[in-house]
Amino acid sequence: MQTVFFYVFAALTVLCALMVVANPFSRNPVTSAMFLVLTIVSLAGLFVQLHAFFLAAVQVLVYAGAVMVLFLFVIMLLDLKEEERRKVRKFAVIAGGLAVAIIAVLFCTAIGQTTAGIGVQPILEGGTAALGELLFKHYLLPFEILSVLLLVAMVGVILLSKKDLK
Amino acid sequence: MGLLSFLILCPFAGAVLIALTPRSFNVLFRLIALLTTFLSFAAATWVFFAFHPGATHVQFEEFCPWVGALRIGWHLGVDGLNVALVFMAALVAFAAACCSWEIKERQKEFYLLLLVMTGGILGAFASLDLFFFYFFHELALVPTFIMIGVWGRGENRNYATFKMTIYLSLGALIALIGLIALYVAAGARTFDIPELTRDVAARPIAASAQHWIFPLLMFGFGILVSLWPFHTWAPLGYGAAPTPTAMLHAGVLKKFGLYGLLRIALPLLPEGAQRWLPVLALLCLGNLLYCGLVAIRQKNLNLLIGNSSVAHMGFVFLGIASLSLVGVTGAVVVMVAHGLLAALAFALSGYLQNQLGTLEMEQMGGLLRKLPFVGTLLALAMFAGCGLPGFANFAGEVMVLFGAWGGHTTVVVLAAWAALIVGAVYMLRAIRTVLHGPLPEKWSGVADAPHAWRKLPFALLLAGLLLFGCVPRLLTDRIQPAALTVVRAVNGTPAALMATTQLPR
Amino acid sequence: MNVGLEHYLVVSALLFALGLLGVIVRRNLLVIYMSLELMLNAANLALVAFSRFNHNLDGQVMVFFIITVAAAEVAVGLALIVALYRKRETAHVEDLTTMKF
Amino acid sequence: MTGIFPWLILFLPLLAAAGITLFALDHRAVSARLSIGAVVISFALSVALFVHGTRGETRFNWISLSDGAASWIVDIGLRLDPLSLMMLLVVTGVGSAIHIYSYGYMHDDPGVGRYFAGLSLFTFSMLGIVLATNFLMLFIFWELVGVSSWLLIGFWFERPAAADAAKKAFLTNRVGDFGFLLGIILVWAVLGTMDFGQLQKMMAANPALIGNSTIGIAGFLIFCGAAGKSAQFPLHVWLPDAMEGPTPVSALIHAATMVAAGVYMLCRVHFMLAADALEFIAWIGGITALLAALMAIQQNDIKRILAYSTLSQLGYMVMTVGLSGVGGNPSAAMFHLTTHAFFKALLFLGAGSVILALHHEQDIWKMGGLSKKMPVTFWTFMIATLALCGVPPFSGFFSKDEILATAQRTSPALFALGVAVAGLTTFYMFRLIFVAFTGPVKSQLPDHAHESPAVITLPLVALAVPSLLAGFWGIDRFYASQFGTGEAEAATGWVAQLTAPFAHAPGAAFGGLAAVVIGFLAAFALYWNKVQDPLPAMLGVVARWLRDRFYFDELYAKLIAATQDALATLADFVDRWLIAGLFVKGTHGSVELTGRLLRLVQTGNLQTYSLMFVAGVAVLLLFMLIR
């Protein structure tokens, strides 16, 4: 059962990601965004598989919720039409695809070559309480700094979005 | 605070004062610069005349530890090699500050940089610590580049600035590599130069290491002194530099490389010196003869002076390469003499440029009629440049020729040709075209130096040249013990006065 | 057949590669941005997997941080894109080559 | 030697020069008084020393370097011996006359202050040479003489000709000095000292030294210096051009200072000149004497004729030095130098008087009939001419006779040459007299000429006295005492003195006289009452060669253009195009080219960058995997 769920979610994730990047039917950014939502949700499924329930929830809430709404909002705001069918630079596409393929192959080779260490068995139970404990005790300072980062980002965004950008 | 610290820190204090002065007080900048350089000059004069000639030890010594672990310390002191250089540097700095009246824009920055440069120069010559020795030199170089770039003259001043910057940085870098290699090879773990010298004398550096470290220092320092064939930055750079900068650099800062050779390379690397100095003796012909010939063909007065300045460096190289007491002493005398002379020549050409707006010699002529004071001084400077007795250059050059005769006879013959004839040809050509002949109509409005303040820097520099030219003992008696130490360090005792076989008397 | 660490890592690698492909070949700034998110998510997946298999919660904390930073980044990035679009009337990377010397 | 007198003699003119330069450049009366006062006091002090018979040396140390074993010491000292004492008198005495004369001659020039400063400096430098105790001090003042001559020849620096002449004089001298300096270094390298006294002792103690080849070479090199200053044959070209200076300056250069320095120096170091060097010197002197005399007969500028005459007489002196033999007695040269100083100064000053009267006209073919208009000038000029020609009992007769006698004793060829030159001398000098002074008036200029004022004529008369009488004063014996041979015992009674040459060396005396007579007759035949020069028509191309000075200047110009200038052009080319061009610009260019190539990669396209980034990561990964 576990295995089946894994393969379903894994396939879903990779396929949706492919649709985000290279949708043969549509070049509309909205389509890409929608598939991205799907990818993220299926990733959340994989997180659940890994017993990271809190993160799965956060993934869905923050990514699929907040971030994707932001994306869609911007797409609407900019009123982006379908990506114009400019002449596809064959060389660039081929070179890019090739490079990416090589990277993927290399990654997989690397994973294959790695000797199994302690991480053979899935053993950790990702309790939300434990995570919270760690976050607010050991990682307190980074956590607080993160809040400052968010504040800075907020201020920055407001400044950037002002009409008369100098 | 010792006298040497005082004369080094005075310009820096002036620089800080200028930095704190509001921009609207233009007169004040000039006043501060004049005052602080004058105080340095006065202190240097005191040091020079209170210096006890004939003594081998370092005088006016000051020491204050700084970085204990690395044994870096604020160690100042003068001996025969640098006492005259410090005096000359302070004199030229004061004259340069006097000559800065031609700078009309961004005075604050200019005087600030001038004082930093002055302090760096004085520090480089008075320091007996390897770290400060190098640090002060670099500190003085940076303002040089900025001053040429910002206040320079001529249409290709950007090219000149870049060329000079790259050349000098490269030279300083090579020398730095050499110094680091030397430090490592010596294994003495101290930056104190006298201590290092003592250590190395007790435990010499391996000959194989000396053989490759010495050329690094020789060429590194050589590039700083425009050793042929690394000289092309010099005429161009001096042609483009504002007058005070050219005076300070060509006159004083350039001597740092030579001083470094004498102070560090020769005593610490005697084996390397023995092997490589004959090469230097050959290269010095490139300076003396080749650059002299190039100077003959110059059409611009500043380029001519610049080339002749490069040519004169050949004497110092030859004196150092001679490894004889007379030659090395002569080399130091030439360093001092040339410092004063180069400063004087560039100051005068700066005055001419200011008056005429050009330095193309073809356009000049008959200026002696309009400029009796400046013209006479220019003629005197030119004659000093071709080695007329009565000027300090003659004393130094003749000593170099005598000293080098035993080891490098052919070089001396050619050097004498370069000094007596090639030098005279270009200098007299310059006088003939600039000062003599009919006066072109357009220069009828040219004015001579109007009052004592304008005349003062020229007169001071000339007085220095004449003083040391007529009484060279002032220099030689001070230099001799230190020069003897250097020569003995390289040759082993007894130092040959001149390496030659003498007939039975 | 058991699902091991390497399975998750392969998925993560594929996801990362697809994101990279998007960054390289797509020309709409927004889509490129989405591809970047894909790559971040690939990293997240790998971290969570490591966390589970290595018995260490630090990986999850890291993912938490990454999600937060990504949110901030998206906000700033999108604001930049909007500002850029206002100025240049385009969201097409080929039109944005002012950095060229 | 005691006292401050010798130092005063040396330094008074320098003080005057410095004082004028610093304070009195614009005050003509003050500057003239300072300068004249200095040289006159020096003269008076010299007379005092001479009368007192002071001998000896005084010195202070100028530079001293010693490493315990050997030392390099240069002193500035004063050496008083017969040679220098007599020269002191000549330099200050003739100098005084010229200084005073200058006050009249230069009266209207705006640059009087500068002129007198130069004149004083010149006197100072020459006195330094005379009093020098060692080679390097000699060289120092030698150079100072060079620069003083530059100052004075180029006094009218706005005239291109004068400026060029000054430059030429200095540079030609420098060529000689090049050899001189090398010679000095060689002497020091071999013998370890530069002091004349020590060298002389060394030579006397070890006579074999003179045969040493290095010392022989040193002798040649030292002669180079003398050849430059005394304008001997290959380096003679500057002297005629030096006529561009004011006439009193010419007088000073030609009589008391500068050109005398070379001969004086040769006599000073005579003890160390080897036989080969001496023979060389003799022939150079002879050739100069003959060439210059030949050139003189076709010159038309009154000063140039005198200039070539100087050259020729200097050739005589140098020849005599050469002929006197190793360790011999060159006092004849010094004797002639002394008498020559008197009458040549007189000739130049007389010429200056003429030039002044004719408003700076120097062409003798525009003069004529001046003997009536300017009697004092004419008669003093005449006395000097007779002295120069060697007519008894004028001073020149005695000195020239000694030269001819020396030549007769040692070298018949040079004796013949000397006699020929004597004839030529008489010829060109009387050509000058007949054309300029006695013949018909050839332009309007002489009509308005009148005798010069007393400030000019008094020095003329003052110089005419020694020109006439110096032969009787025992100057030669005084010089001879320097060289220790003391051969010529004093004849008693003036008749005996007058006839002494005929008694000593009748061949030389009669030969010289015959040459004078022939020369006079030829000049009389050709130039008496002529308005045009008949010689060019008679000699054709030879006359042109003579007039154009055998084309030495042109030859040298070509030579310099072919050697030094070509080298300079080459060096400039290398500097501009090879070092600054190929190497520096090449380095700069290749760096820039690399930069330009790398710039192509910078498309500005985000995706290209990321592609390259990916490629880089791939390479790194591959590298790590393979490793």
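To keep things simple, chains are lettered A, B, C and D as they appear, and every chain counts its residues starting from 1.
Criterion: contacts are C-beta pairs under 8 Å (C-beta built on N, C-alpha and C of every residue); 3 or more make two chains touch, one makes a residue touch a chain.
Just so we're clear, the structure is a prediction, and the values are computed from it rather than from any experiment.
Between A-C and B-D, more C-beta contact pairs are found at A-C. Centre-to-centre, using mean CA coordinates, chain A is 6 Å away from chain C. The distance from the centre of chain B to the centre of chain D, with each centre set as the mean of the Cα atoms, comes to 36 Å. Inter-chain spacing, taken between the CA centroids of chain C and chain D, is 94 Å.
Chain geometry summary: the mean Cα position of chain B and that of chain C are 62 Å apart. Shown for chain C are the residues in touch with two or more other chains, namely 20, 24-25, 27, 94. The multi-chain contact residues of chain A, meaning those touching 2 or more other chains, are 92, 96, 99-100, 103, 107.
Under the contact definition stated at the top, not a single residue of chain B touches 2 or more other chains. Pairwise chain contacts present here: A-C, A-D, B-D, C-D [touch as defined]. Note for the complex: chain A touches chain C at residues 2-3, 6, 10, 13-14, 17-18, 20-22, 27, 29, 32-33, 36, 39-40, 43, 46-47, 49-52, 54-55, 58-59, 62-63, 66-67, 70-71, 74-75, 77-78, 80, 83-84, 86, 92-93, 96-97, 99-101, 103-104, 107-108, 111-112, 114, 116, 118-124, 126, 130-131, 134-135, 139, 142, 146, 149-150, 152-154, 156-157, 160-161, 165. Interface residues of chain C, counted against chain D in their complex, comprise 20, 23-25, 27, 32, 93-94, 96-101.
Across the complex, chain C is touched by residues 599, 602-607, 610-611, 614 of chain D. Considering their complex, residues 163, 229, 231-232, 236, 290-291, 293-294, 296-298, 325-326, 329, 366, 368-369, 372, 383, 387-390, 394-395, 398-399, 401-403, 405-406, 412-413, 416-417, 420-422, 424-425, 428-429, 431-432, 435-439, 472-473, 476-477, 480, 484, 487, 494-498, 500, 502-503, 505 of chain B touch chain D.
Only residues 92, 95-96, 99-100, 102-103, 106-107, 109-110, 113 of chain A touch chain D when the two sit together in their complex.
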